[in-house]
Amino acid sequence: MIPTLLTGVIPPVCTPLTPDREVDVPSLLRLVDHLMEAGVHGLFVLGSTSEAAYLTDAQRRVVVETVAGHVEGRLPVLAGVIDMTTPRVLDHVREVTRAGADAVVATAPFYARTHPAEIARHYRLIAAACPVPVVAYDLPAAVHVKLPGDVILDLAAEGALAGLKDSSGDLAAFREVVIGARTRSDITGFSVLTGSELIADAALAVGADGAVPGLANVDPRGYVRLFELCRGGDWELARAEQERLCGLFGMVTVGDPGRMGGSSSALGAFKAALHLRGVIECAATAEPQVALSPEEIERVGKFWAGAGLL
Amino acid sequence: MIPTLLTGVIPPVCTPLTPDREVDVPSLLRLVDHLMEAGVHGLFVLGSTSEAAYLTDAQRRVVVETVAGHVEGRLPVLAGVIDMTTPRVLDHVREVTRAGADAVVATAPFYARTHPAEIARHYRLIAAACPVPVVAYDLPAAVHVKLPGDVILDLAAEGALAGLKDSSGDLAAFREVVIGARTRSDITGFSVLTGSELIADAALAVGADGAVPGLANVDPRGYVRLFELCRGGDWELARAEQERLCGLFGMVTVGDPGRMGGSSSALGAFKAALHLRGVIECAATAEPQVALSPEEIERVGKFWAGAGLL
Amino acid sequence: MIPTLLTGVIPPVCTPLTPDREVDVPSLLRLVDHLMEAGVHGLFVLGSTSEAAYLTDAQRRVVVETVAGHVEGRLPVLAGVIDMTTPRVLDHVREVTRAGADAVVATAPFYARTHPAEIARHYRLIAAACPVPVVAYDLPAAVHVKLPGDVILDLAAEGALAGLKDSSGDLAAFREVVIGARTRSDITGFSVLTGSELIADAALAVGADGAVPGLANVDPRGYVRLFELCRGGDWELARAEQERLCGLFGMVTVGDPGRMGGSSSALGAFKAALHLRGVIECAATAEPQVALSPEEIERVGKFWAGAGLL
Amino acid sequence: MIPTLLTGVIPPVCTPLTPDREVDVPSLLRLVDHLMEAGVHGLFVLGSTSEAAYLTDAQRRVVVETVAGHVEGRLPVLAGVIDMTTPRVLDHVREVTRAGADAVVATAPFYARTHPAEIARHYRLIAAACPVPVVAYDLPAAVHVKLPGDVILDLAAEGALAGLKDSSGDLAAFREVVIGARTRSDITGFSVLTGSELIADAALAVGADGAVPGLANVDPRGYVRLFELCRGGDWELARAEQERLCGLFGMVTVGDPGRMGGSSSALGAFKAALHLRGVIECAATAEPQVALSPEEIERVGKFWAGAGLL
């Protein structure tokens, strides 16, 4: 069961693939165990870090069924319903909730040109049809629109949204939602989560309820420790831990920008690190991403060692 | 059967919907007849003007089966396979070719961050798996990346691409592809199509093989006439016809920008015009688009009358 | 005296520099003669191709005085007044008109965040203070805003603007202004000029009054010939000439994008070609632009030879 | 004399104007006193909040002479040298240092298309010619390029840059520079300042040396208090003070977005508040900005009262 309020570290779970690009279920189960043993507070499948944009509908189904079936309610399982517009998102809502998701995470419409009024309508229609809580996913780098803070807060007040996962990088706008969610009398139980790997401490300091950092696949204990330090008000130690994680995050730049895009490099690095740690069987990323070279993978290992993870 | 080279007017066919947002098959058949009677040279279903981004997989299947089944090879039927990345696009390729599409039209990856090398890989993988010709769809307004001309031409030379549908609005870049396709000795039978409503004459003058204008739903005879005037080198009359169509295109601005986005306004206007002409039963657009008001629809009628279509 | 309507080929005149980056007056005079001998119809100094953004106020003054003094009214001399906002632009207006400019060319405000109402106010204030005609300069690549067509047309109707130099690359929007300027009864004598090197023929075909192509520094005869072919309605020969010029324009890509920006490459190539032709003494571009390497300059020569200019 | 390291609250000083848009020197002196009495640690004139983009060269000179002459070394006075490229910036460097500036603040080149290598060259040339320290100004909203963190750090190591004023809103990128400046052994005495009004506490928490918030014109005591709380590690009280200031900052939205741009609204609100407080004589902003209406100014007063400033 999903708690009233999502809090803590909720990694966006990588989707391990076999060499021929099918979901590698045993590796996925090992990854989930690896995260749960580290003490994470929830799991987010089918997010951007999960390569949801690259998974077929059949593969998405396998992921949610596998993870929800394995977790069996010990932790909340959030599932992305990443698609272009309301009718297509609703199809995913049906699939992921049937497969056991405790909450869904939906972006603004994309590909289609959109408008704040249409974004609000989109979330209202999703909420009306969805049997579990709906979390808004603010990811301008992918959908090319920033979710307006006032729209989010109004949808929270209506009960259409149960939370926000903010991956915009804009901490000032994030704070506006945090303050609004806390001070508006018509809003209760709204969870504000940061998607940042690099300023999770700052987001928690301004009032975030939790964090959804992709790097938590690689170092879940680090982010759990960071969360506990922040919760305890131990900001000095939190900063030190965050800076260690910033160093580790440098791995996302190992890929040659002349040869591949940022997604190939970052997701390739996360998967290479999980492979090096023995968590997943194969580091392949989905098509048409470009694979890291052996030298680039070696550099991933150095970031890992540099962060004291050996 | 698809001809060696796509040429002429190939409207991106609107998808008529019922009031409860299901595909309105009888209206779709009437629309196809309306277009064929006007003398169009091909049909493009599941493009952006078709609201492909808003249609579920089941609805997309209905559209292709309906149109391909009705056309029965009298004209080439192109089908969009609009989705975020290669694995998802390949699922659509299987569906639309099974349903009878003569060619597929695919954008660059979107939502995911991408790179020219990944775009090339994307098209190569699609071409390798696709039993019919593949046309690249350049639509930066939707996918937020411009297809590089040299990548397109190299893919044409390899035989991975059979054509380009350019909706970028950038005629200089379009011309680069037109000239390259004509002058490179390693390229044959590559079709260069403009998606512009407003400068179709100029695109044909610089060497385009055809046009895919959304407004051709509303005035197919106008675009067929324009194509024939251009083909015949009658540039003065072509310009006059094009300017008449520019006036008609003004209908896309009827929607109040404070209340809706550009897609709601433009697609709403096209559908309202088709409804006014008696071609389709209902002017509804897909969710979460906002409906035009009665006053806005009245203004659509004025554009229609102003273009001499009464 | 400036004619009622600016028409024809009006090159944006490069600013030759000495090795220590001062204005090279003898070279500038030779360049002006080179252009006038080719039959151009006007000269535009202190535009983007002139490196106006890189010239100090003192250098700008030298340029206008030199060119206006040399031309002595034989051709209209337009001068850019490129600066961030109205008060600063007005200082330039005073300088360039005192130095003999026949018209000024002004962009929308930049650096400062702006708004259509502020853009209109900007042009009205300039026009009110300027003793010569004002031409709007639409250059979104530099100022990061597109001049709205309706604002331009309204300012034309008020008499605040005498023309538009469009370097947006958006031929559909350009056409909107062309048609508006021709059909609105409240507008007379408004000159619509394209800044494109690559689709000047198309712009003239849709109704442009003239062209302001940077490449005309290198091949002024080519653009004059192109203009005359278009004016005579000889579209086939015009297209051939334009395509030859498109080939020549390829020189702007000689600079290594890993080592320099597009401005260093394009302006460096124009100046290298003028140096190779013996028109200017030194190919230096202004700081902080990066110089082309000898190999890159050699490639400029090949483009030149390839266009039949030897 | 400028201290080794710039720290603390350094307001970007508004430039009061008379009704006919000349610099209002008596009001400027009162504003400087108002800031110094509140305990600020430095003054930044001719920044974006100072409307530097709107001031003529003569007006800029008046501002620096007035402020530097009045301060007489009691505080460091930083001066913006906002212009498009190196040669023009160097002219401003000469002017502001002659007028008494203790440091200059320079953006990346703008209007001109640029490149990281050209940005580095730009700062190196400025530093070589400038008798006082150079601070880089990262303001992508104005110059449309983000200063790359590694370029900044390398320039710091070379001694070309003495500090960074970051107004990008990207706290993760800011932190990269903070950590680099602290941990790289080849960098000493580099000052990292945030330009944010809304997350100054977070920036200080991650290690900023100071803040340059435009809103400090209106409530300098608030930001001085915030800085001292952060310096003292009293993060709870700091957050409360920051949130009070966030509420006050809401005044920047009073202007009707249908009638004016964000600059007119924000700078208009700051000046209206300073006028209401009796600090400046006239709330006028420079052309072509649009004035706030009486109702909008009334709303400024409400924000002021709401923040407990009455």
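Letters are used for the chains, namely A, B, C and D, taken in the order the chains are written, and counting of residues starts over at 1 for each.
Methods note: a residue touches a chain if its C-beta (ideal position, glycine included) is under 8 Å from a C-beta of that chain, and two chains touch if they have at least 3 such contacts.
Please read all numbers here as calculations on a predicted model, not as lab measurements.
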Provide the labels of all chains in contact with chain B and in contact with chain D.
A, C
With chain centres set to the mean of the C-alpha atoms, which chain is at the far end from chain A?
C
Equivalent interface positions on chain B and chain C, same or different at half:
same
Looking at A-D and C-D, which one has the bigger number of contacting C-beta pairs?
C-D
Express in whole angstrom the distance between the two chain centres, defined as the mean CA positions of chain C and chain D.
35
Going by residue number, chain A touches two or more other chains at none
Pick one for the touching-chains graph, please: line, ring, star, complete, other.
ring
Touching pairs of chains, all of them, please.
A-B, A-D, B-C, C-D
Which positions of chain C touch chain D when the two form their complex?
21, 48, 53-57, 59, 82, 84-88, 90-91, 109-115, 117-119, 121-122, 125, 141-144, 257, 259-264, 286-290
In their complex, what parts of chain C are in touch with chain B?
169-172, 175-176, 179, 196, 198-199, 201-202, 205-207, 233, 235-236, 239, 243, 246
